[in-house]
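One chain, subunit A, links the two complexes that follow: it is found with subunit B in the first and with subunit C in the second.
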Partner chain A sequence: MKSVIVLVLSMAFFATAADAQKIFSTRNGKISFSAPKDEDVKAVNNEVVSRIADNGQITFSMVIKSFRFKFAEMQEHFNDQYLESSKFPRADFKGNIVNLSDVNFSKDGVYKVTVKGDLTMHGVTKNLTVPGTITISGGKPSVEAQFTALMKDFNVSASSVTDRVTVDIACQYQ
Partner chain B sequence: MKNWVKVVLVIGVIGLLAAAGLVYYVYNKPHRDVSKEQGLQLSAQNLYDAFRTNEAQANKLYLDKAIELSGEVADLTTNQDGKTVVNFKTSDPLFVINCTFRDNPGDLKPGQIITFKGICTGYIPDANVVINEGVLVKK
Partner chain C sequence: MKIPPYRVLLFICINCMAMAAFGQQVDLFKMQDSTNTQTGASRGEPVLNTFYSTRLVNTHTVEITGKGSMDFRINHRFAPLNSGLYNMFGLDAASMRMGFDFGIANNLMIGIGRSTLYKELDWFIKYRLVHQREGGSVPISVALLAAWAYRTLDYDPTLKVSGSDRTYFTGALLIGSKLSSTTSIQVSPTYTHYNRVLNFNTTIRDLFAIGLLARQRVSRRMSINAEYVIQTNRFPGTYDPLSLGVDINTGGHVFQLHFTNSSGMNEHSAIHETTGSWGNGDVRWGFNISRIFNIGRRH
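Here is the complex of A and B:
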């Protein structure tokens, strides 16, 4: 009888262990963007909340007002006219690693990934496929990726400044 | 010189000066200095409750405002660009007020109660309220 209890308990334990999914997170990830034709148009957000799980789910949430420009006047225009950050305070991305089988979260290394998901910004949701890199170092992941966002895709009328920006993601997780 | 040439020249010069002035203004307008602003006095818990119960209303009240926040330090970190970040406790163990300091606040320890001023940039559900450009007021 005793051995049956031990067996049941140990089965329950292993079932839980197998289900437990590892989630890494940060409240201070970094996302920046720049206009390819005007080097003054660039901004950094160091307060990106991001989570990455070993089941392939990845999310980024950021407040638009946390993007900091070198020039205060540009920051004001960006918030008031282009991204309308009082009306649309946040940008969110929710996606999945397409080639999850190529990534081993418990083994240090550099893994090329493709992430597919939805980016919601300025009231518009758009499906994106973005190539990037996951680096596992000391058991902790960091993510790097770059993609181009077209202003018209997100209903942003900034044509006097730029029609596109290059977005850079660099997040270190705990 | 003919009169109309003079007029065109004067208009041209005025135009150039205006353009130069505009460029100068765009490139030299200073960033907000929160240390010179009067902040809305709140506790970390007040701010969390406001966003949790009515996000739209809290956005109206606090977004872009200077906040003078008091709270208990949950933990300290450094962001990826080397700035000090202090997370303040709320009643929800998974939710904090995340504050990035403009000026290094010096030695702080978890459990300490401090007051600082910063700009509230927004709310991220299930995670934190974001405040940046922080300067220490009292510890």
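Here is the complex of A and C:
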């Protein structure tokens, strides 16, 4: 009997010691983009699935058709002519925090990070390095970042509208 | 107490298993792939671009101008090809319609226009009752059209042409389906009423027709279109309109180039006042230009 108790306690000890990884996730992350030269060209997606782990991995996945524009005609052109969302329904990002040692997921604070990873969109995968901020508040992280995506990098022929968009990311994780 | 060696071995084994089970590092990248696979199926979004524009050539498609947008449309039809080299195969003369369409709510649009043919004003309202969805849960789009036209051409006072004599009504049920990413078809049962027929010798006042529309996309920006309207009864000397054309969609502009035997460009005249016949080479070259302006309030 005594040995059984010893066994259970030691199992618990070994298990906790090994299970150091924390994963945070959200299903309603927000990613928006806008064209710097045309204020009408902007859209927001509030249904981004994102996860972040304290091993430095961070992922984003979004359905292209969930980007909402002010003008229905613009949203239709975006989906049908430019991003071809029936053919390429989603965009994905898989990256790692380069300076993971600067971030303490257990301690509230604001941490500047650089994330390097692959963004797949419109059938093209491109390696990106994006600076951002991780804020830990009450033990839960939130992420903010901004970067510029060039249309030609993703083989999107929207030159009559814009050659680039500014992408804003704001995710609050649970 | 002496612990038997097999107990020690069991102890180590079980603890290793616990470590393996709990301590496995979860790979977020694999986790994302599996989430995407689970949610990868079509979410049943409304289909886009069954047709590139709200008209295929002359008749209405199931498409509705987006809310907050204005569509400025300029249509031209030149004179018949069989008018010969002297008239540059029709290019010396042109008939036109200029129109403004407005998307005033989701699935609801209105429009006004004026044609040079008989100096007619026209206006219409179109409502999409059913919007086809991806994945087959709703396989068709259905829209209702009501259109009026008013002829402002001066007539000899002895003809006593009243205001109501100058008015025409067309109603249509538009049933369309995007069969694949490239192919769309539509059937449009149409009813037209003339209060008085001024340029044909007939007692017919009510006409029925069925429009058959098809488009085949040949690239992201181009489609080939065909539009044929079968009239179940017709004015003497008229033919069923057949139009063949291409759409070039530049994103904002749609250029529609075609050959057609109709000369009218509003709802009633495009169908029922087609005096040209393909057989005689009485076919016109024409184009429509559609330009979308986003005029709704900004954020």
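A few remarks follow.
The rule is short, and it goes like this: the second predicted complex is superposed on the first by the 157 of 174 C-alpha atoms of A that agree within 3 Å, B and C clash if a C-alpha of one lies under 4 Å from a C-alpha of the other, contacts with A are read in each partner's own complex, and residues count from 1 in each chain.
Everything below uses one rule, namely that contacts are C-beta pairs under 8 Å (C-beta built on N, C-alpha and C of every residue); 3 or more make two chains touch, one makes a residue touch a chain.
For clarity, every value in this text was computed on a predicted model and none was experimentally measured.
Superimposing the complexes on subunit A yields a three-chain arrangement in which subunit B and subunit C clash. Using the contact criterion defined above for the overlaid structures, shared-chain residue A:112 touches neither subunit B nor subunit C, since it reaches no partner. Legend: residue contacts after superposition of the two complexes on their common chain; A:57 is shown touching subunit C, with no touch to subunit B.
Of the two partner chains placed by the overlay, subunit B and subunit C both lie in contact with A:49.
In the superposition on chain A, A:81 makes contact with subunit C only, not with subunit B.
By the document's definition of touching, neither partner reaches A:22: not subunit B, not subunit C.
By the touch criterion defined above, A:172 reaches subunit B but does not reach subunit C. Once chain A of one complex is fitted onto chain A of the other, the partner contacts of A:37 are absent, as it touches neither subunit B nor subunit C. When the two complexes are overlaid on their common chain A, residue A:161 makes contact with subunit C while staying clear of subunit B.
Of the two partners, subunit B and subunit C, it is C that touches more residues of subunit A. It is stretch 43-51 of subunit C, out of 7-15, 43-51 or 223-231, that runs into subunit B when the two complexes are superposed. Shared contact residues of subunit A, touching subunit B in one structure and subunit C in the other: 49, 61, 63, 65, 71-75, 86, 89-90.
Subunit C meets subunit A in the complex at residues 3, 7, 11, 14-15, 18-19, 21-23, 25-29, 31-32, 35-36, 40, 43, 45, 48-49, 65-69, 103, 106, 134, 181, 220-221, 249-252, 292, 294, 296, 298-299. Every residue of subunit A that touches subunit C in the complex is listed here, in rising order: 3, 6-7, 10-11, 14-19, 21, 23, 39-40, 49, 51-53, 55, 57-59, 61, 63, 65, 70-77, 79-82, 84, 86-87, 89-90, 92, 94, 158, 160-161.
Against subunit B, in their complex, subunit A makes its touches with residues 27-30, 44, 46-47, 49, 61-66, 68, 71-75, 86, 89-90, 170, 172.
Residue ranges of subunit B in contact with subunit A, taken from their complex: 25-27, 29-32, 59, 63-64, 77, 79-81, 83, 85, 87, 96, 98, 100, 119, 121-125, 127-128, 130, 132.
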